[in-house]
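We just call them A, B, C and D in the order they show up, numbering each chain from 1.
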Amino acid sequence: MRKARTGFLTVALALTLLIGGCNRQDEEPGQITICFAFQDLETEYWVAAHKAITETLRARNIKVLERNAHQDANRQFEQIRDAIAQDVDGIIMIPQDGESALTIIGEANQAGIPIGVFNRPPADKSKPALVVVADNEKIAEEAVAYMAKAASELNRKMTPLILVGDLGDQNSIERRDGFYRAVNAHPELFKKPIEVPTKWDAATTLANLEAALQVTPEVDFIFTSSDFLYPQIKAVLEPLGRWKPKGDPDHVVLGGVDGDSTAYRLMKEGYVDATGVQDLFFEANAIMDALVEAIKSGQRTPEKWIQDPGFALTQENMPQRAMDMWGCRILHEEQSNEAR
Amino acid sequence: MKLDNTLLRWPKAVVLSNHFILVLTVLFFLVMWGIYPHMAGRRNLANLLSNTWPLLALVLGQMFVLIVGGIDLSQTSIMAVTSVLGAMVMATSLEPTRFAHNPLWGVLISEQGGWLSGSPWAVPVAVLSFVVAGASIGLLNGLAVAKLRMPPFMVTLVTMSFFSGLAIYLTQSENVRPLPDSFIAIGKGTLGPISPPMLIVVVLALLAFVVLDRSILGRWFYAVGQNAETAKISGVPTKRVIVLAYAFSGLCAAVGAILYSARLEAGRPTLGRNLLLDVIGAAVIGGISLFGGKGKVLWAVYGVLFFVVLDNSLNKMPLDFYSIDIIKGAVILLAALLDALRTRLSLYHAPLAGAP
Amino acid sequence: MNERRNKLVSILLNNMPMLLFVLLLIAFGAIAPESLQYQNIENAFKQASYIGIVAIGMTFVLLTGGIDLSVGSNMYVSAVIAGLAMQRYSVGAGPALLLCLVVGAVFGTINAIAVTKLRILPFVATLAMMVSGRGVGLMFSKSRAVAFPDPVTGLGSAELFSLLPYPIVIFALVVGGAALLLHRTQLGRQIYALGYDKEVARKAGINADRVQAAAYILCGLFAALGGFVSVVQLGNVNAGFGKGDEFDAIAAAVLGGVSLFGGVGRVFPGVVLGAVFIQAISIGLVSAQVDLYLHPLITAAVIFSAVLADSLRNTYLKKLSRRNIRLEV
Amino acid sequence: MTRSALEFDRVSKSFFGVAALSDVTLSIPEGCLLGLIGENGAGKSTLMNALAGVITPDQGTMRLFGVPFHPTCPADATRAGIAFIHQELNLFSNLSVVDNLYIDGFPRLCRLPIIDKRKAYRQAAELLTAVDLCLSPATPIELLTPGERQLVEIAKALGRNARIIIFDEPTTSLTAAERSKLFQVIDNLRREGRTIIYISHSLDDVLRLADTIAVLRDGKLVSTGPGDQYSANRMVADMVGREIAQMYPARASAPGPESVLDVKSLTQPGMIKDISFTLHEGEVLGVFGLMGSGRSELARIVYGLDPFKSGSIRVRGTDAGAPSPIRSIRNGVAFVTENRRQEGLLMEAPVSENIDLSSLRRYARYGSARIIDRRAALKAARQMAESLQIKSGSIDRHRAKHLSGGNQQKVVIAKWLLTDPGILILDEPTRGIDVGAKYELYSIINDLASRGTAILYISSELEELTGMCDRILVMSNGEIQAQFRHSEFDQESVLQAAFRGRTTANQTEANGEN
């Protein structure tokens, strides 16, 4: 009997928890509700985007329904359809990939709810949506091109290595393609690149990078498909005596894509040569502005493609453009927060 | 104790009945309805139902494997592989820039799309290849378990990573689209109140019901799961039964893949990546035993409904993304706890051993 | 003659994990001789150490006939909390490790209560904890990466007496401790007994609930320790940290000969080799510069053959150990 | 008279209104061996469960050496010096002997939580010597024979200094040699002054051992008294409540001339050698052999569960080739295995589903869809259950695990009878079944024989075979050593034949263990 009582207590407790959680919705008439559906928050880029979007929206007195799809396109599809059934006023989505984005846009169009797609473009322009994109391939290529330029000054044949992201994620494929485009442009400079799988997992990266460097210790040019892997690169290079800033003879030419705060810090310290930056704040603001405007003006299937030009932040252009890098701004904000 | 017998008879009957999880789900739904009036709206109900069908297809297949005392972790990777293969049969066009370095470029697929692109046979053959591929992978699992006597957990864990790797390899990470409209209609079209997924999965469920509850084969599934040695001595072809269970699980995964691919309008190498635990979770919450020998089609339906309603209601809540995970876990735990209490209660009320 | 052959076969089969390991080494040696350097093998052990530690924790639970799917989330939560403590409250490495272990043990205790007191199936209970646990971790981290301070992460690459990297040392200590616990303490023997048959264990006067609870708590503890060791090497905790590690840990344990039905299996050399085996495949593939798309396919094929060899061995051993009724001349 | 070790005073217990024990009053003097007998369901296990603290009596008291004793859990009983040696042995076969002996209390190394291995081994070796078992304490249990395991259980009881030891059907799976060794050990225990309760269906064993005998029936103590006042007939009469004139029902029929099963020089290395016999229509052919004589192996090979290397099996004149269970069933062969829990029944399934399991194919409809005609199947199962007088609730709801041993065995037989077998192989069909149920089983077998079914009756109880069979084959060392016709049955010569080749068999065992 005692156990049964414990059980009922638990039930009651959980129900209170549930209802308590639900009661947090403060219904205000006329308040705009936006569903923000994202695929997952595994790298700092997505975290920062998530933070920027939710905070800005809430600051504008907009109710935000957050949905994490855990990297499952179908789950995202279901989440957004549920949101549509709930009569949200607008949708912002970070899709799993361009193909599923297209399908989901179709659903939103049918329901007449404006939808904004953040960062990953739909596979084609057949269905109207607000889209803000950065060209992953181009940004990666630019960053690697600068790295190649830095490497050519060393006057030796380089052994390049690329940390490839999850093969099920199209961003990693585009970034890899950008890397190859830049490397293949300089056949005289590079030997055959070494590919190291990361599965977007830090532990896998560490193990595989360590193994690769064991077999080919002469690697002196590393490109990471995402900046979030720098701590692991450091963990491998440091014991080998290769974690050295620019100018040191043992320096490994290093670069990546994203533009997070770690990358900024490492660039400032001279360890990283270049990083492909997407302008996160620009993207976030552009998509939110466009969506809120569409909602307020009653548009049901607004269409607009906003291009985030993106750029490669390099050791050269750092002084001028550092503040365009979101990671740098976040770092400054944090520092000023701490100072306060 | 006296009170128990009079006042609590009705609740006890509910708790002890086979339909407990359904009651739980309905109660949960009603509570949520009170908070979110549009829970019972037409569109939301339509969503609920359409989310139910593909998951139910998977859980039905999983149930057969669980009944014979195994487990099939490879269902989601079967979905991915079949989705990719099927799409490669019927895709209407493919961009060379994305597919030119594909191992099957020029063999199965080309600029004009898949193998049967444009042919009226494309969709039927594609659907067939979904089903055949799914069932054959299941067959392989079954053979490894039954003939080579390998532990099911490891066999399907390994095939899970093999076939999800194969799906990605076959497409070199690309999603295969566009697919013919007639295929997409399977996922989205409606015939009055009946949608094709509903039709397909209800037929599948009926088939499963007839097999399990009415046929010799069904009795053999239970017998093998309850006691393989007794079953063998009693003339049950145990190995064939086990192989069939896995093949059926693969077939159901393929049906799930058809429905998911059709609604997402592409052949996806990452289809259903994180779905596995939902499938097994729904089966177990429904009351299908992980130790074999126990399971009913109706239980699978209840388990799936529970999960779908849970997900749907969590999607309504204006919560932080992490709180949703916490609550989801808590609700699963709670349902399991109620079920455990119920089991104990039913033991207490079991017919007396050897009573005259 | 026949007898001697039988004996040889049974020795071979009994040391199957070791044998497969050697075969794998030879295969990689033939394809990529570089991969056989001492350093590479040391690396394999170093990189396998964290999953090995988690797998040893998992072994306790598997030995009782249960399963713990929540170790990945456990690793994440405990590492995040320890990291935040160091970051925000400048806690030292020692107290942070202690905190990490305490969190892991609490996590394991919740599993233990759910399984023993509330009588929820281990699969479902730990599945729920896996989902909720990650949510709790994300609540603390807000999904951001949590960095460990440099002096702590320095330990990841430091070596004891410049001989052995610390992760391997910790791994070795854990292996020794776990072996001691399983084979030389009453609790350890009771864990095996429980896995053989819970009802019999109860009748034999074993406090089954307590032993089972201990297994889950130990599993939680080791998961947290494994997570800490991993983060010390990685430098920071990402949001995806520990995801999927539960399956790696189970695979390592099962490859090492631990039965999923309980009661059978040894930490050394079984689980250790199982963990290193998986890591070694990955390192070998990277060393040999195999097409990335083929990695999962080859890994799966190799593990499949290992499992197959193991099941052949079991069938054969069963046949061998069947008592002969008559002596044939 | 010595003082009482254990007293039950008006102990009663009922479950859901059904009395399992009523007013049992019994006193057992210290150092005495009490033989406790009764049919299944008579209340023996309830009484012992009360003693073990598994259940609490509704009324009445127990006293242990004069002190009131109210155990609430099994540990209480253990602490009070009561040890149980169960029918299904409670040993962990994945662990070693020493682990099993000390699983709930190892000797420790200077109070650390570390096991003092050396001390444990030394003590274990002493205990093993005390029960006359020459084994290394490190031997894994899975390598021991059932008899050796029994002795390990006793050693465990000794290690806990048990003053009262309860044996529940200890001899069911022992060979004759093991049995006599066990009796010796039990005698020693008694001589040391320990009190023993010995529960068994084997009345001979009880007669041989018991100082005092107590008979339970329907939860009541029917009679008790010194062992020498009892005879087998009186015990049976007390147990079933009426006189059973004879243990074995009379056979009305004789075997027919037609041979239905012809086994010729069947050989499987390591198992059986050169086995030949013929089984006729309506014949009950006994196979007598001790544990490990190859009798069960022979049955498994004939039925097709294990392979054979040479020889032939002909069923009704046609060569059965290499049989498999499915093929055997088709040929009309049925096999009631030795171990009904693990090989005969689906414990969780309803009785009816157990009964029709092997004959499902007969109730198939709609061609290859093979849908079961459930009504017909249930009807057939019900008829069969009625004709065998299976006592069960509604057979499509009541699960097999809820039946008594005798009824479970009847369910297994019903399953096979539904396949209309021409040949029925029975392996130890009466093991663990009470007297009344045994008699019913014998009647069923005779009835089958009279209808022409050929029966291969395997047993290690010679009396049973002489009471039932037309002929007896004696097996030992995997070979048929002798054959006796009904008129030649003679206990002594059968046993002699059974022990012939026993010496070589022992050598085999010795070699097998090296």
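Just a few scattered comments:
Everything below uses one rule, namely that a residue touches a chain if its C-beta (ideal position, glycine included) is under 8 Å from a C-beta of that chain, and two chains touch if they have at least 3 such contacts.
Please read these numbers as outputs of a predicted model, since none were measured by experiment.
Chain pairs B-D and B-C differ in how many C-beta pairs they share in contact, with the greater number at B-C. Measuring from the averaged C-alpha position of subunit C to that of subunit D gives a distance of 43 Å. Chain geometry summary: the mean Cα position of subunit B and that of subunit C are 30 Å apart. Put simply, the C-alpha centre of subunit A and that of subunit D have 69 angstrom between them. Shared interface positions of subunit C, i.e. residues touching 2 or more other chains, are given as 118, 138, 143, 293, 295. For subunit D, residues touching at least two other chains: there are none. Multi-chain contact residues of subunit A, defined as those touching 2 or more other chains: 3, 7, 41, 50, 167. Interface note: chains touch in the pairs A-B, A-C, B-C, B-D, C-D. Interface residues of subunit A facing subunit B in the complex, by the touch rule stated above, are 3-4, 7, 10-11, 14-15, 17-19, 21-25, 38, 41, 50, 63-68, 70-75, 77-79, 81-87, 96-100, 102-103, 106, 123, 167-170, 172-173.
Interface residues of subunit B facing subunit D in the complex, by the touch rule stated above, are 210, 214-217, 219-220, 222-223, 226-227, 229-237, 293-294, 350-356. Chain contact summary for the complex, subunit B toward subunit C: residues 144, 148-151, 153-155, 157-159, 161-162, 164-166, 168-169, 172, 277, 280-281, 284-285, 290, 320-330, 332-333, 336-337, 340, 343-344. Looking at the complex, you find that subunit C touches subunit B at residues 69, 114, 118-121, 123-125, 127-139, 143, 247, 250-251, 254, 260, 293-297, 299-301, 303-304, 307-308, 311-312, 314-315. Residue ranges on subunit A touching subunit C, taken from their complex, read 3, 6-7, 40-44, 46-47, 50-51, 164, 167, 194-197, 200-204, 206-208, 210-212, 214-215, 228, 231-232, 234-235, 238-239, 262.
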